[in-house]
Each structure stands twice: as C-alpha cells, then as structure tokens.
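So, here come the structures, one by one.
In the two assemblies presented below, chain A is common to both, partnered first by chain B and then by chain C.
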Partner chain A sequence: MLLEERLQLLKKRIICRDDEIDLLNCFISNEASILAPTTVIHGYKSIGKSFTVEGYLKELGVKHSIVKCDECITKKVLLQRCFKRIKLDSGVGSDYTNDVKFGTLGENFPSFVNALESFTRQTNYSDHHVIVLDRFDQCMEPTQELFAAFCRLQEQSNIRNISIVFIISTDDPKDIATSSIPHIYFRNYTEPQVKEILRSKQLCHFDVDSIDNNPASFEFWKQYATIIVDLYFSYTGSDMNLLINICETVWPSFTQPIRQGKYKLGDFIKVYRENSHLLHNENIINNSSIKSFKTMKEEEDLDNTNVQDLPTHSKYILIASYLASFNLPKNDLHNFSKLRAIKNKKRALSEKAKNKRGHLGKDDIDSRLLSPNFFDLERMLAILSIIYRTNSQSLNVTDDNHLLNLHDDMIKNEEIKELERSKFTLSRNTDLDSQITTLFSLGLLSKSANSDILGARVRWRCNINWSTVETLAKDTDFPLVEYLGDE
Partner chain B sequence: MTAWGDPTENAQKTHYVIQPKRRRLLPKQSNGHAAHSIPFRALDHGTELDTLVQKRYSLYNTIWDRHRSKIHSILNNSNTGLFKELDKFVETSPDQRRKLQIAFLQLSSNTANNARVMNEFNKYVGDKYKVVNISSKICGNIKSTMREVVKQIREDEFDSQEEDDDDDDDDDDDDDDEEQNEDSRVNYDLDFLFDWYLQNGKGRHIVIILQDATSVNNQVINQFIKVIYSYSIDLPIRLIVGLSCNNIGSWINGNFNNESRLVMNGYKFESDDKGVGPQILEELFLSQKVEPKLDSSMELMPSPLLTSIIHTRFQSANNSIDSLISEIKLCYMIHFYNLSLSVLLEEEPTDRHVGSLRKLASFKRYVEEKLFKIKTPEDRMEISSLLSSNEAIQKLFQQAKRQFKQYRLAVLNLVHLLFRLQAINGGVKSKFELYKLAISNKLINSVILNDLVKSITTMNVDSIEEVLNTDDLVVCRGDVSDDKAEVLIGEFTGVKEEIAKSNSIKSLLVRVQDCVKEYLHNKLINQSIEEQLFFEIFTINGDSAKTKYEMPIFEEKYDNLMINLIRPPLRGTLEASLEDCKEYLRTDLEELASVPASNQDVFVNPIINQLFRVYKEAPVSINIYDFYVAFKQSLRKSDLSNLAGSEEVSEDEWDKLTYSWFIQSCFELMMIGLLKEKPKGDYLEKALWKGV
Partner chain C sequence: MGNFNNILESKSLKDKYIEIHKLLEHTIRDNEGHSIMIIGPRSSGKTSLVNAALADMETKYGGQYIVFKLNAFIHSDDNSALREIAKQLDNNLNRNMDQNTVTDELQTFEQRSISDTMNIILNTLNKRNEEKPLLTGRLQSEENPEEKLSLIFIIEEFEKFTDNNKQTLLYNLFDSSQNSSVPICVVGISSKIITRELLEKRVRSRFSQRMISINKPNTLEEFWANARLALTLNDNKIEELTDKAFGREWNSHVDHLFHSSTVFKRMLYQNYYTVKNYKDFNNACIFPMSKITTESPFLQDKHFQKYIQNQSTNHTQELVKSLSSLELLLTIAAARWVEKHDLQVINFNLAYKEYEDMMKGFNVNSTSTVASANNFDSKVITNIKINQKIWSANVLKNNWEILYKLGLLLDSTGLTTNNDGHIITNINLNKNLIIEENKMVQLDVSLDELGNLIDDLNVYKKLTRL
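This part shows the complex of A and B:
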C-alpha cells in the first residue's frame, strides 16, 4: 500500500484517475496478506488503463511483469511469454534451467503451472510478483478458459506470491464469478478531462531549437490541443490514442507558417485561420490516405477496383458473371435468347402475377440493390458466349470501317461470318479457365465454401458492384442494361 | 521451386498434374544418331545430314539467345526505377513516431506479371537485406503466416548447418507438427527474430514482402500488421505489400481496422512496367537499330497469322509477359525443328534443298505467274531452267533472299513512319498492329492511311517537325538499301531547312504530303508478305495445327500449332474426339498399315462414344432408365456380339452386357466431368452445355 504523500505524487503524475488509483491501492499492495490474488480492470479502449496500472506498480515498487496478450498468436505463446517474463523480471531466473522441457510448456495450463512451481521451488522465489495480462481479451485465440484457470492459480498450486491483473476492454467473461474478484472499472474521460490531459504535456515539437525553447511554444501547444479536442471529440470520444494521432498528423502542416517565420508563436488564431482547411479534411478521420513515395503527393480519388487493365475477355467474363449473379436462371431464355415468343409470354405473365400479389416481392426490388446469387460455371459460360458473340468488338466491328479493301465476295463472306459467329465460343481453350482463376485471386469473383476449384459442386458468384460493372460495360461498349432483367 | 510455387497449394489450380515416379519414367531413347545432345531430329524421313541438323539447332540457339538477351535487358530495365525507390524506402529510417513502415506497391491486374516483378525485386536486392516472401496461399491464418516467416528467416541457419530432412514440406495445420526449435520455441513464435538479429542480422534490414494482399483475408492482415508492428519497434523491419487495385487509400479504408491504420506509415509505389509487352514485340521484330555484328545475317519476320494471334491473345486474353515470351520462343523452336529448309538462312542451298524449294507454294506461284507472262522464247527457257537446273534455283534463291531483306527494310520503315504520323494524330494502333496490316497488304489504299496522309496538310509547325524527324528510318542495312526512304529523307531534310528559313508553311505541308504520297508508291510495300518468293523460309508462323487449315474470317478464331500447344483447346478436343474417335483411333495411317482383313470389318467405336451420342441428344436432366434404354437401342447387336466372344448372345446376356457397358461409360463420363449425379432421384444431370 502506498502512503498518502506518494499517492498524491502519483495522482499528480497520472491525472484524472484519482478514484481508480485509490482502488488499485486497496487491492494491489506489496504485503502478501492483503494482496488480492486476481484483479480485473475493465474499461473502454485507450483510456489509460495500462498506463495507470503500470505507473502504480512502479510507484509501489513491487516486482511485476507485463504481457501484451494481443500480440500473442496462440494461448501457448501467451503462457510461454508469461513464464519468460516472470523469469526475467524476478531477477533470480538467470541461472535457472528448467527441468520441464520448455517446448511443452504452455501446451496446456497445468504444464505452465508445473513449470512455474518448479521455478519457485528451485529458486526459492518468494517475492510478491504481479503479472499484468494486458488486453487479455484480445489474444488471437479465444482465452475464456484461461481466465478461469488464472483465477484459480493460487487455489490449485503452491504458488502464493504471484497475483494476476487482467486488463480487458469488454465485459466480464462468464467463466469467472465476479463477486470474489475485485473489479475496477475505469470510467471514460469527459471532454474537459481529455483537454486537461492533452494540454498537460507537449507531445509535438517544432524541431527548431529557438522556437522549442521559447515558453510560448507550450502555450501554443495548449491552444492547439484545445482546438483539436473541440473539433474531434464527438468523433474520438475518450480514445486518447486516436486524439494523439490526430494531433501528430496535423501538427507538421499546421505549424508550417511558424517554422517559416511567417507568424509568431503568439499568433495562434492567425495560424488557425490560415490552416483551418487542414483541420476539416476528411482524411484526418479515416486516416487511410497515403502518399506516393516518389512525389510525396496524396493519392487522388479513383475507383477502387482494378479493372481497367484487364484483358478484354476477362472484362466480358466479369460482365457475364454479373449478369449470371443478378438475373434469375428462369429468366435466362427471356434475357439471352433471340426467340420472340418467349419474350412476349414472359411479359404477359409477369403483369398478371404482379396484380395478384399486391405486395412487394424480391422481383420488384432493383437487382442492383440485392446481393449477388451463386451460379453454376456452365451457365456463366453460356451467357458469356452469347454476349460475346453479339457484342464483342472483334466479332462485330470489322476492319472494313478503317480499311478500304472491298472484298469481291462480300455477301458470301457475310454468310461465312454469320456461321462462324454462331459457333464462336471463348471456352475453346484453357485461357478462359486461367482467366477465371486470376479473377478469383484478384477477388473479383468468389466461389462457394472452401471447395476444390475444379470440383463439379463449386458455385461461383461475382464480387463487383454496379458501378464497377458499369465502367466495364462502358469500356467494352456493352449494352448492359438491355440484359438485366428489370424493366 | 520458388517461394511462390508451393506444390501443396492449389488455390490457383486449373488442372491436375500427375507426376510419375522417377523410376517409372521411360528410359532415354538411344537413337542411332551421333548427335545425342541435340533435341532436334533428322527430317526428310530421317535422311537429313547430321551436320545440317546440328546447324539448325545452333541457328535456333543463336537466334533465340540473341532475342533472350534483348528481352532480359528490357525486363531488367523496366523496373529499375521502382526498385531504386523501394531500396531507398528500406534504407530510410522511420520518424520519431516509430510507426511501421509499409510500402504499398500498386501492381497490375495480371497476377503472373506481379509475381515476376516481386521475383525480380528479390533478385535485385540479393543478400543486402533479409527478404521474406509471403503469398496469399499461406496466409490462411495468422499462425501459418508466422510459421512461414520464421521458416524463411531460419533458412540461413539451415544452410549453414547440415540439412538432410527432405520431407519437411508437410505444412498441415495440425498441432502435432509444431516441431520445437532447439531453443524450444514454437515454430511460429516471432521472438526468434531477436535471436536471429543478434546472431546474424546485425545492421541488416528485414524486408517482408506480402505478394498479393488483395486475396488475403483482412483479419489475417490486421493481425499480421499488429504482430509485425510490435517487433518493428526494436528491429529494422520493413513491410512491402503488393496490391492490385487502383486506389490504395480506399483499399486500406476497406481492409485495415483503425488500430492497424494508426500504427502504420504507408507509402505508395507504382510499378511502371505496363507497356513491357508491346515493347518486347517491337524490340524483337520491328527494331531498326543497326547492330554491326549481326547486320549481315537474316532476320525472320512473323507472318500475318502469327502476328494476329500473338496480338489478339495479348490484348484480349492473357497479358502475361512470361506467356508472351514462351509463345515467341516456341515459334522459333517450331520453325527450326520442323523445317529442314531453315538452314538456308545461312547456308547455300544444296542439291537436296533445291528439290524442297521447288515444292514450296511460293515457288509454284512464282512459276505460274511467269507462265502467264510468257512472251519470248527466252522466258520459256528461263522457266524450264528453273524447273530443271539446280544452279538456276540457287541463283534465284540468292535473289529472293536479298529481295526479302529489302522488303523487310521497306516495311519496317513504313511502319515507323506511319506510327509517328498516327501518334501525332492521336491514333491508338500499336506498331505491331500497323506491322500486321502492312505485311498483309491491308494498309495501302486504306482509310486509315488516307486520313493520315490528308492530315499532314493541317498540321502546325511543331507536329510537322516531328514528322520530319526521320531518325527512325534506316536507309541502308547490310547489303540492301531502301531507295524510296532515302529519297524521302532527302526531301524531308530539304523541307526542314525551308522551315528554318521560315517560309510559308502551307506550301511546305503540301510538299511533305506529296513526298509521302510518292513514298507510298513503292512496289515493295504494296505487296503482302506472302507474295514474296520463298517467304516460307524467312517467316515464322508457328505452324498450323491441322493439316487442312482454312483461314477463318474472324481474327479471334485464328489458330496455329504454337497456340494450340501453349493454350490447348481442351474442351473442344474432348468433345470432338468423343464425337468422332477417328483422329485418335483407327486413323488413316493405321488403316494404311497392314491390318488383317478379318479384324477390319468389326471395328467398333468405343462404347463411350456411343453413349456420348445419346448424351448429346438428351435433355439437361436425364432419367437413368430412359438413358439406358436409349443407349441400348442405339447399339447394334449383330455388330457387337462378335466382340463378346460367342456367336450367339441370348437376350438375357445381351441385357447384362449392355447394362455393364452403360454403367461403365456413365462413370467415365462422370470422371470427365460431362455428367453429374443428382443428389435425389434416378436422374443424371448434364454438366456441360452444348455449344458453350
């Protein structure tokens, strides 16, 4: 337990967390008798949980190890790291060699306890030791059962000197009975608190000695921090990480006029007025804009998908897959066949059906708004060969437009052409298949489940949206709307 | 095997590969020929001389080596800019905020080309950094990804130590195989990086390349970045992420969570090899550069058919550079493998060759033309000497060779001139396309050409100066020269001087136009390549796949042996052979061979052919019983009962026989993928549609 004056010092260092520090002081102490075996610390992300706990433990002077669980790939790695940290931080582990094979350590919890026990026994390690399991709920493998196991560490083993602190940001897991375990809730910071914290320490500097040494530079920072919080608090809430990141991102360009000597440190308002556009940029919030390394210019807004440089056939495959996904198979004859009778029949039917139902069905919704359906590969290939035959440039726009070579036997040629066209198909060679797989690996097509790509059962689905397919259609002069089922 | 091509992975699989065990491979054929090392065979029914075979092979090698080095220099230079940038990026130390430095590499939509760029970068970097290559195939989950990273880092160690565990490849995700390292860490624990860095890596950057992030699950990417970030604080780790999308910002927005975005500092890099394909074609076939050493030798020209196939394939089906290169290589291979006359590129025609030369189509046409033009007895004499005297043919061949060189020079000059004119007018046709039109004689008298010539009169000073800049025209090459081009260049220099004197431009433009018109009145460029005598020897066409090949009208239907080998028409072949097995069984060749007469009349198609015929007429879903009945009806009992062995087959036995045939063939069709069993009911479903 910390004495009052040291507690006050700590509270001065870690501001806005007085109550929580008091609570920590209750449950975590350097006297084994009043040390709670496990403590759960709980609160929203980035509100200083780890920071406060670490600060407190340091002030307390008790031996402690912090394990960042969110960086552990599996539970095994987590347990191994716990053991390693304890060994390292205890200060006595340097000449300890484990008799338990380290590799099997952490295979399950008992093996971890086993190793820990033999370690404490051999080294006679009896100092109080606190393990902080930071972000315990964010380990890459689910850790619920470890929760309970860690809680019972003292019950199930001879180890008495080790206590656990969990830091989590979600609710308490069901596996542990909360009543017996002390539970400290960290409240979110309020807006004034956030301002106070940010203003208390200058995080960014001008990197020009003459300006940084000026006390006014700290004043400038305070004003800057206030502006940032005022502008962005509604978006960031009490997430300090996000706020600090925004501060750091905007700072260099915001303070450019001062570094250039255009304004003095006192002229905050002037600087703000000149740079206010920087603070209202959308990229600050989504922080996903990146610069080109060569030119250091920000990327321009473009359509996301990479379809422009696809070969022509791939473009047609995408269009065909879109049509196959968004048209119902029962309407295929209507959409893709040249037979007139079917077209008329279908229209008559659909009107009748509409009157009958009287309410909205799936057919009445614009297909662009629906999610794509799965289709059989063969159906897509059939659609592909139809639309390619009738619409592709290479089969329908002849060179004759460009070249004045009049053929003697024009009419005969036209007949042959018609015949050739009616037999033309893209699936003649394996190019088509390899293109489909390429489109799949580009993420433009997707397939059902985790099935073998060559299996008969595999069903496909297009993975592009309307705007993409529209640009594709424009690129290839394809009358897309004519083929879509909606009237 | 490279890091990209893990044989256990099949996400990109388009076909199954059966690899026979080594001992079952056929023993090497011991041919009677002395030239064992030469993969070429003696042609002309095996009577070709060994020296000539060797000559053909060495010709192929020299020509292809020359091309290969050209291709390599293009490829090597295509991305140096990018690689230098990346190198600089790796060297740059991060700012104070110590974020994870990520290079986002914007790549094309062709995955093969992307992989090549990455491989080249690996080569470029060499041993300077420790490079770890990861592809989406192993990024199924974070554990396998990390295992791969550790494995590749540890490769160093393995290289130095003894390595005799060959079958270390089974990377199953079972927990059993989590073999422990000597320092007893699990094999996906990145803590290993620290040890490695302290031991071997001091001062060396660790570059992790994620080849195709677009197809990696975004959860895995986020976890990966988190883990890598936690190490990058202490170690010099750089991440290079290859992406095929237009807007990297929005990709990040859609795939990275806020946490990952906060810890990274991304830069965008652009790959600049988009025009490499056309560049290679131009450099190989249309280059006018005078190379002193090779100047006298003969260059092969691609035929219109081949040009069109390569061009349409690249444009519309597969724009991969590697596939383009192998197409070209195969064409050369076929040319020298197949054509005994190909030695004539360098050799003088011997008596043996003369006979073959006389059989060429172009020679026949040449003689026929002469026949039409007979006026004097001398003409008649000339023809008869061509047909009888070997010397006359040898002389004619030399002429034709020279003529062909001239033709090539003229055509290339024309293509370059037109390309420039076209570029000024904002045209889109590539040089290779123009070349295709020129050699098939479609260019002269065409609308395009007319428009281009017309456009000269409306040009301004800048563009006319560009037209007059005739650096890319070559007048003289080896022992041949293009006189028309020389005249044109002379005229152009004259006009240039006039412009410098700032005379009125209008009249000059007309003069330029007249020059060009005059230039186009060249007899040589008004011929198609197939009108040249002996063009068969001087062009590569990739050979035809069928013995009787009729040119289709649509260029997309063009077909030759080369493309058939590289992109086999699997489906068509399957359907055609099921329909008619003659091409494979009981071919004409076989019939010529002595077959005992008694067997000849009982030749029956394989049963599967019979079933396929029924299958073709069947509806999409087929009732099994109906299918069987139809199949049975289609068989003629009298023909087949001989096969069954006994003379008389009772009705009962016949049923059994047909039924077993039916079952067997149905399964065969299922294996091929033509039939599917419906989960419920006694129905089969057609898996392939007709004419698709």
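This part shows the complex of A and C:
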C-alpha cells in the first residue's frame, strides 16, 4: 500500500482518477498476505485503465508483468506468454529449467499451473508478483473459461504470491458474474476533464529547437488541444486514444505556417483561421487521409474509383448482378419484359396493400439498403442479355410514345428493330467467364460457399452498394431505375 | 473460494460442519467409503466448511489420507482431471521417497498416454486384496502396513463434470467409493441445485444420496450475524494481541456501527435485500479497512460508500452513458427504426437513413420550439439557428463499428439453442472482424429503455419519443 503523500503525488501525475487510485490502493498491495487474489478493472473505451494501473504498479514498486491479451491469437499463446513474462520479470528465472514431464506448456490451464508451480518450487520465488492481463476480453479466442480458471488459481494451487488483475471493457462473463470478484469501475471522462488531460501534456512538438524551447509553444499546444476537443468531442466521446490520434494527424500540417516563420507562436487565432479547412475536414476521422506518394499531398476523397476503369462489359455484368441481387426472381417478368399490363397490375395491387396497413412494415424498407441476395449465374446472364440491348440505338426507343410514332416509316422501323433484335447480342468474342472471375477476384462479386468457381451449385451475389452502381449506370448511360423492382 | 476464516463460529453452519466432519472422520479413521454433495449459492461458505474440516483432520490424522482437489473451472474435462489426480498421487507418495526412484516412468501414476494413466489409477482403486499390482503396495502407509491410506476427492463445480456424455470419471469415483477396499470419500461441491438430477442413472445409483444444502440467510439478523464474523476478531485472536483491550473495543465498535450508523447500515441492507452475498459485503469493507491508521484506529463510516459508489450498476446503462453523442444519436436512430418497423434486426444503411431523417427533423423543430418558447427573447433567438451537423456516412460507419465492438449491437444469429435446450451464445463470435454496412444485427436496447437512460438535460432526449 502506498502512503498518503505518495498517493497524492500519483494523483497529480494521473489526473481525474482519484477514486480509482484509492481503490486500487486498497486491493493491490506489495504484501502478498493482504492482497486480493484477483481484481477486475472495468471500463468502456480507452479511458486510461491500463495507464492508471501501470502507473500505480510502478509507483508501488511491486514486481509485475503486463500481458497484452489482444495480441494473443490463441489461449495457448496467452498462457505461454504469461509464463514467460513471469519468468522474465521475476528476475530469478534465468537458471530455471522446465521439469514438467508431460504435455507442452500452456496446452491447457492445468499445464500452465503445473509449470508455474514447478517454477516457484525450483527457484523459491516468493516475492509478490502481479500479472496484469490487459484487454483480456479481446483475445482472439473466447476467454470466458480462462477467466474462471485464473480466478481459481490461488485456490487450486500452492502459489500464493501471484495475484491477477484483469482489464476488460465488456461485461463480466456469465461464469464468474456471481463469484464476487472485487471490481473497480472506470467511469468515462467528461468534456472538461478530457480537455484538462489533453492540455496537461504537450504530445506534439514542432521539431524546431528554437520554437520548442519557447514556453509559448506549450501555450500553443493548450489552445490547439482545446480546439480539437471542441470540434471532435461529439465524435470521440471520452476515447482518449482517438483524440490523441486526431491531434497527431492534424498537427504537422496545422503548424506548418509557424515552422515556416509565417506566424509567431502567439498568433494561434491567425493560424487557426488559415487552417480551419484542415480541422473541419472529415477525412481526419475517416482513416482515409492518405498522402499520395508522389506529391505528398492528401488525396482527394474519391468515391468509386475502383470501378471506373473496368471494361464496358464488366460494367454491364456488375449492373446485371446488382439487378439480380436486388430484384426478386418472381418480379423478373415485369421488370425485364416490355409487357406493360403486368407492370400496371402489379403496381395497383401494391398501392392497395399499402393503404390497408396503418404502419410501416417489411415491404416499406428500401431494398437497396439491405444486403444483396444470392442469384444463379443463369439468371444474371439472362438479365445481362436483356439490359445489354440498351446499348443498341434502335432497340433503345421505348414503346411508351408509340402513338406519337404513328407515322409512315413505323413499319420500317419495326422491321429494323426486329432485325436488330435477332442479331444484337453480347459480342460473341467476350469471354464472360474470365470477366466474372476477374470481378470475383476484385471482390466486386462474391459467391455463396468456398467451393470451386466452376461448381454447378455456386450462387453469386454482387458486392457493390447503391452509389457505386449509380455511377456505373451514369457511365454507361443505363436507365437503372427503370429496372429496379420497387421504384 | 474458501476464505472465510471465522466460519466455524457461524451458528447456521455449525451443524453442517459437524456432518462433514463426521463423514471425513469415518473415511479416515474407520476406512469407510462415502460420497456427499454440498449444494449452496456462491460464497455461502461451502468450500470453507470443507477446508475447515480438512484442517482439523490434518491435526488429528495427518499423514493417513490424501486429498485431491479438482475444480471444473481449471480441469475442464475428464482427461485433465485424471492427470491432476495422477499428479497429486505422485506428489503425495513421493514426498517421503527417494528422488532417484521417481525417474523411472513405470513407477509413477501419471503416464504419457491418458488411457494408461486411467488404467493404473483404476487398478489401484479397484484392487481386491488377493492381487497386488506394482503400485498398490505403496498405498499402504509407511509406518503401519495394516492401515490403509484413505483418499478424499473434493470436486468443485461438480455439475460441470456431468456435461460429457459418459460421465466416466464420476462413475468410476462413485463406484470405487462403494466397492473398493481403499477407503474413498467423494465430496462434490456445486452451486447448481439440480446437480443430482444431472447425473446419469447408473452414476446416480452409486451415489450415496447424501446431500447438504446451504441456503441464504432468511433474516437480516442472521445475515448480519454471519457478515459480522468477517469484521470482528474472535476470542483466540484477542488473546494473541498485545493490547487486548483494543481487540474488545474494536469488536464493540463494529457492533456500534451496525446499530447506529447510516452509511454502513444502508450498505448492509442493500446487500441483504439484493444479493445476500457475504463476499460482496467483504469487498465493500476492504477500503475502510485500508484507511485504518494509528490516528484513526477504527472503521470510519464515511469510507463504506466508496466501493459501492464505484461499482457499475448495469451493463447496458453504463454502456449508453459512455457513448459519445454521435454514437448515442446513431443508437437512437437505430432504436427508432426498430420501433417503427417492428422488426428485430437492422443494418447500418437503415440506421443511417433514419439518422439523416431524424436530424433533419430535429434541426427544424429545435429552431421553431426555441422561438416559440421564449417570447421575450424571440426576436434575438429566431435569428440564431442552431443546426446540428449531420455527419457523413463514412464517419458514422466508424461509430457503428464501435457500437458493435462495445456489444450494444449483437449478431442476429448470436443466440441459438442446442438439442437439449441449452442456450448457446456466440455473441463474441465476430468481435474482431469488420462489420459490413448491410450486415443485419440486433440492437441490445429499445427506444423506451434509451429514453429512461438518457439524462433529462440532454437535448437528444426528445428524440427518443417518436
């Protein structure tokens, strides 16, 4: 346990966490006999849990090992890492040789306990040792069972000097919810607290000695941090990692005028006015502010670039697959045939149905916002052959205004149409299959199972969203909306 | 977890202790085979009772028996439990023996293959007097070959061993507790009240049907009488102190706390009327305990609040509180959509569309209500339009992902039931993967609940009403 004066010092270093430090101080101590065998540190998002615990343990001067569980792929790796860290951090592990006879280390929990017991026996290690299992819930394998096992470590073995601190950010697993382990809950920071914390330490520097040594540079940082919190608090909440990340991303370009000597450190407002476009750019939080390699400037936000340079046939395939995915097969006849009657009948029916129900239902959801359905390849090819006709000049004329076209060359026109319809088809030399596989490997199409691409029972679906297909349709002058079922 | 030190002074547990004690004594002294099950809620003192009895055995009959402690949380399957038994056998028998003999692999119970280990243990347990395999000779105690070593198995989280379909381990243990000439006592400890019904028929018939059940206290006085034991010193301890008067004063101060104080009493009442959990009570007392100094040598009433106040009361409630305002808006939008359409699942696209509509409506309404509310300042205020920014879908997609990772959004196929009707959760199934924008998920909170959770001062509260 820390005495009052050192506690105060620690609280000055780690601000806004007074209560939590007090509680840490009563559960974790440097005497093995009076400490809690397990403690759970709980809190959502990055709000200084690990930071506080680590700071406290350092101040306490107790031997501790921190295991980052989110870096462990399996439970086995996690256990092995725990053991190795203990061996390393204990300072007595150098002459330890493994004498566990059967089973590999960390294969399951008993073998871990075995190894630990044999380690403490051989080296007579009896210093109090704290294992911090950081982000325990984020290990790639589910760790609920391990949680319970770690809680019973002291009870089931003759190890008495090792205590465990879990740091988690989700609810307790059901197995241990009733076993009353001491919890320390970290509440999220309020906006003033976030500001205070961020302002307290200058995280970014100008990398120019004459500016950095100037006390005004700290003042500049404080104003900068305040602005960042003001602008982005609604997005980040009290997630400190996100805020620090934003600070670091914007800093270099924001302080460019100062480094170039255009403004002085005191002119924060002027710098802000010049660079306000930087701060109000949503790209900062999109993870998409990527610098182009040649120009070292931030890339413009380009949407749907990945489909623009596809060959025309591929674009049609994509559109056809989109239509196949988002239209129901039962509506194909009225979507893709020219028979008006079916269309009108259908529409009238749906209007009627809509009036009957008072509130919104399943059918009122815009299907474009839902996930695409799987379709058979044949259906997509059929749709493709229909929509590809829009490429032809004469066939593209709709029948809608046939009364206006009621003039002399009408019969002639019809003949031309008929002729073209019989001839016009997809270019016979296009290798559809290879195009489909290309689209698949680009990730624009996906298939139902991990089976062979050529397999007969494979079903496909398109992987592009509405805005992408809209640009495609614009590119190819294709009247997409006419073919969509619920328009 | 077996850390109640003064448990023997508890009046309600005294007779239970005597029963366990008697049973163990019969096994060790009279070489009888027994089996018993102790059932009771968590932290009601099950393990502590057994440990206390074992500690007493140790002083009376030390060296005449071997204790095996198994815990299903650690030994999750029969194989690892078996290995543990073999290992403990080896450890116990080799304690007095020369180290050199251990090196021979044939001399130990634990073998590389699990079936060999099983065979050896079973042979040992089931031996009749006529046959004498290699290892059984060693089970005779060293000093007096006539006297047999008794084996005591303590199995915690007993019900977990009934999960596998043959229940091999339990069958063999119970069987040998009845038939073997080696005296065996099996003590099952469980918190599940139906544990006996989970046993297979052939296993259950070999169990002695002896059960001890420990219940939660029925009256507050009983609860306090037991909880008080954790805070007070017993007579032996007081005798050991140099200043005996302080020990007595300490005890009377604890009683005084119960009879007079507000915070301490409230904490006790709250515990009694919600969970009746002694360990929770103890946890709350640790902080005041750590504040004892030579200046203030007694527990201070005000310190009892600290731990209780720090606890998070409710998962979802605290989760919603920790959301940033943008995440909160997205959650509200999703909840509104679910409410409107009466469907259980939602994806990001739908939530974002609802968010857009909602914010447009919010901006229109907020300016108009502000203008009409204050007649005095209406001239000033109508000129100021407070528009909430509508963020782009790309930004909110990050927030959607955060909500998913926090567990507010669950996989729609997250809950399934298997053949036996057990609920299988794989809520954490995709926790580390990216969530697609049209992936259907379930929202863990409804619009009504959100309305209750959001603080009255929050401007977004009115959005929780349709």
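We adopt the following convention: the second predicted complex is superposed on the first by the 328 of 487 C-alpha atoms of A that agree within 3 Å, B and C clash if a C-alpha of one lies under 4 Å from a C-alpha of the other, contacts with A are read in each partner's own complex, and residues count from 1 in each chain.
Just so it is clear, a residue touches a chain if its C-beta (ideal position, glycine included) is under 8 Å from a C-beta of that chain, and two chains touch if they have at least 3 such contacts.
Note that the coordinates shown come from a computational prediction; the quantities given were computed from them, not determined experimentally.
Visitor: Please indicate which partner A:L278 is in contact with in the superposed arrangement: first for chain B, second for chain C, both, or neither.
Guide: Neither chain B nor chain C is touched by A:L278.
Visitor: Between chain B (first) and chain C (second), which does A:E378 come into contact with in this model arrangement: first, second, both, or neither?
Guide: first
Visitor: Pick one for A:I66: touches chain B only (first), chain C only (second), both, or neither.
Guide: Neither partner.
Visitor: What is the contact status of A:N286 with respect to chain B (first) and chain C (second): first, second, both, or neither?
Guide: In the superposition, A:N286 touches chain B and chain C alike.
Visitor: Mind working out whether A:S180 is in touch with chain B, chain C, both or neither, as first, second, both or neither?
Guide: Only chain C; A:S180 stays clear of chain B.
Visitor: Scan A:M140 for contacts with chain B and chain C and give back first, second, both or neither.
Guide: A:M140: touches chain B and chain C.
Visitor: If we overlay the two complexes on their shared chain A, which of chain B and chain C does A:L23 touch? Say first, second, both or neither.
Guide: In the superposition, A:L23 contacts chain C only.
Visitor: With the two structures laid over each other on chain A, which partner does A:L369 touch: chain B (first), chain C (second), both, or neither?
Guide: In the superposition, A:L369 touches chain C alone.
Visitor: Taking the stated contact definition, name every residue in chain A that is touched by chain B in one complex and by chain C in the other, in rising order.
Guide: The answer is residues 101-103, 140, 286-288 of chain A.
Visitor: What residues of chain A sit close enough to touch chain B in their complex?
Guide: Of all residues in chain A, those touching chain B are 68, 70-71, 73-74, 76-77, 80, 101-103, 140, 241-242, 245, 248, 286-294, 299, 301-314, 378-379, 381-382, 385, 394-395, 399, 401-405, 413, 416-417, 420-421, 423-425, 427-435, 437-438, 441-443, 452-454, 456.
Visitor: For the complex, give me every residue of chain C touching chain A.
Guide: It is residues 1-2, 41-43, 47, 69, 71, 73-76, 80, 83-84, 87, 110, 112, 156, 191, 277, 279-280, 283, 286-287, 289-291, 306-307, 309-312, 315, 318-319, 321-327, 340-343, 347, 349-350, 353, 391-392, 394-395, 398-399, 402, 406-407, 428, 431-432, 436-440 of chain C that touch chain A.
Visitor: Would you pull the chain A residues touching chain C in the complex into a rising list?
Guide: So the residues of chain A in touch with chain C come to 1, 19-20, 22-23, 25-27, 36-37, 42-45, 47, 101-103, 108-110, 113-114, 137-138, 140, 142, 145, 148-149, 151-153, 155-156, 169-171, 175, 178-180, 182-185, 187-188, 233-239, 282, 285-288, 359-362, 364-366, 368-372, 465.
Visitor: Could you please specify the touching residues of chain B with respect to chain A in the complex?
Guide: 10-16, 85, 88-89, 97, 103-104, 108-111, 136, 142-143, 146, 180, 184-186, 188-189, 212, 214-215, 223, 226-227, 230, 244-254, 256, 258, 261-262, 266-270, 274, 312-319, 437, 442-443, 445-448, 450, 552-557, 563-564, 567-572, 673, 676, 687-689, 691-692
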